[in-house]
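The first chain written gets the first letter, and so on, giving A, B, C and D; residue counts start at 1 in each chain.
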């Protein structure tokens, strides 16, 4: 099985998702989860894309440089960030009002598992060591589009895009797009389409690491790599 | 400066937390160590007041910030959203020492606000069908399913603001705002820790975030620290 | 029947209610309705009393003088008012959150009728000419105490404090205090007590203009007149 | 000044109101002639767009402000709180020309907010047992009775703010704020009339009342009037 170095895989995923947003001509409001999703910001190059953080800010700038970190200016992953001109601060209730009310165009989140129905499990592995849901369920239920940013398989090579989630689900039929280092899947009317496949994997190889059923799009494209 | 001020709500942190009765439900502001009322939390830990139900986003880190209350054994239960930053929470829960009610973060914020504005319950699309919503009533509106969430009211709220004026109007600082203005509405007794108290009329009436009607006690951290 | 000149009656009522608030030692937050209730503000002389207006302001000052009126700075009766140091502005939702959430200590409202159960009718006379409820029902249901400020009888001499409201009710069992030019009644555990009677009326005369049943307080006092 | 600004949301008042389809549900800000978007209302009257359901606190005065829409016959119905300032409303209602849904003012504000924040319905203590709540579902929580109120969503919101920055962040002026920030959240298309547009970064991030995520179109009244 083909494996990319983890850093390369993550960068590729973050870059690919950024392209989805960079093409906008209108203001686009996105919320980025912890991990790969946070890296998406590094590849945004369109000033019409605005980042929202659920702890109460719109218009996040890049991570703060060493020596300029303000512990009272953080994103939802507790990383010190910066302001952009035109940013604003608000309380948690208003912030989740934006999210639940459908004003946030897209959320990018990591996941343990996604299934062919568009269900996603990303909040807990029931091992007795975790107790936390945070804003995951609100984001998945509220954002207009849900993007999953994750490596195609676990570190041990087990598929993460599967027929039916085995872990506790975060939201049902909420996933719109899955981006891994090898593929981009899009859900249309409840069905999962493979739209892009990376140059180094064959369709057969992709099926081996993807136990979920999917439809190959009529105009299957090569996954663009930066 | 404090001596010139005519702030009737001003108290020491010790006197303020001594207003909290054992067994109280206590809302505490903050998110990931930003915007938590650190002096009030320290005073609460020193007070030894116990059997508390802490309602907050998270519980800080082990033996740090809010985490100290758990280490001290002052906690009966937790209502909040995210305890993965403090692994002691899961341990205490698994050992049956505390109860934990996990609520999605947006639902938590909205339920606290609901308590503050006299709404006993509302419907939300968040968590429908998930383990978090198990046992909760659901209902359809316009063909979509929602969960019924009741308001989360508290006896006391400990919040952190940036500045207060003499009356108790509050403004906040950047992402330290988070849950604080919401919690300021939702408790019978609201204690605000602030970095500075300014004379009446020194805050822009258009920019006051928490009007003083919501604030009972002010602890001036600027003088204490 | 004894009748006071209308202006004198109104001033007496407003002054008497103001005394209820002037004795506070803690911050007290009140909302004043249109008519006699607005006049209460003229007799407040305690700087711990703060006036809230449901159109989105806390800390109202007196009515604006001629030449200093700002049409964008008004109370809920559309009268241009002034600011006080420490006042604040907020939206209608926050304003009614204060009211519904029980943060406003008292509301003073006028009424067409109040009955012996503590029900009040003040929002509509169903004559086909009115269509409006405004904030009356929110205030009556939400404020900690409801003060009724009204003349004891109609202009034609008909009782307004009656056994049971005949007009559409604004709120049930919400009234705490009724102040007229001749009497002060207080509701305690669902029963209506006459606590004060004006010097110029006898208890018999008061009963004639009050068809509601009430209990005469053991320590019935003379209604103080300024 | 406008020409130096890079505000992509800027439109003329005519172009803005032409985005409104006949039959739309239209939220309109303001309270007692303070904070209503007067230029947008005038443009809407001139446009002749009809069959509208107007959702607002009141309807101005006869043939003035919002009242003109009724005089013009552009109104199919009203959802709001207080029409005694405009006697033409009761006349039109009695003659069966329009429908009127009266909602208590606080319930109206909260129901508009609910639509904006994805809450389909909530319970409220206001109006329990009264004519206004006739036919509405009730339910007890902790021994007290509440009325179920569904969210009030709209197709369009016409609001009035004091200043916008180039992005569409809004601040308000005194009691002209009233329903405007609430309505800004609750419609598919939000058109804000403002007195001035300032460059990006000129509004204090702590004092922005309506973040630009809620605002679709800006009409600069400062240039027009």
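Criterion: contacts are C-beta pairs under 8 Å (C-beta built on N, C-alpha and C of every residue); 3 or more make two chains touch, one makes a residue touch a chain.
Note that this is a predicted model, so its numbers are computed, not measured.
Farthest from chain C in terms of Cα centroid separation is A.
Inter-chain spacing, taken between the CA centroids of chain B and chain C, is 35 Å. Chain geometry summary: the mean Cα position of chain A and that of chain C are 56 Å apart. Note on chain placement: the centre of chain C and the centre of chain D lie 30 Å apart, centres being C-alpha means. Shared interface positions of chain D, i.e. residues touching 2 or more other chains, are given as 110, 113, 117-119, 124-125, 172-174, 205-206. Of all residues in chain A, those touching 2 or more other chains are 89-90, 96-97, 99-100, 142, listed in ascending order. Contacting chain pairs in the structure are A-B, A-D, B-C, B-D, C-D. Against chain C, in their complex, chain B makes its touches with residues 8, 113, 115-119, 165-169, 185, 200-201, 203, 205-206, 208, 211-214.
Put simply, chain D touches chain C in their complex at residues 31-35, 57-58, 81-85, 87, 89-90, 93-94, 100, 102-107, 109-110, 112-113, 124-132, 172-182, 209.
Chain contact summary for the complex, chain C toward chain D: residues 53-57, 70-76, 78, 89-93, 95-97, 99-100, 128-138, 141-142, 168-172. Those residues of chain C whose C-beta lies close enough to touch chain B in the complex are 26-27, 29, 48, 50, 52, 58-59, 83, 85-90, 96-104, 142.
Across the interface of their complex, chain D is touched by residues 110, 114, 117-125, 141-142, 144, 146, 150, 171-174, 204-207, 209 of chain B.
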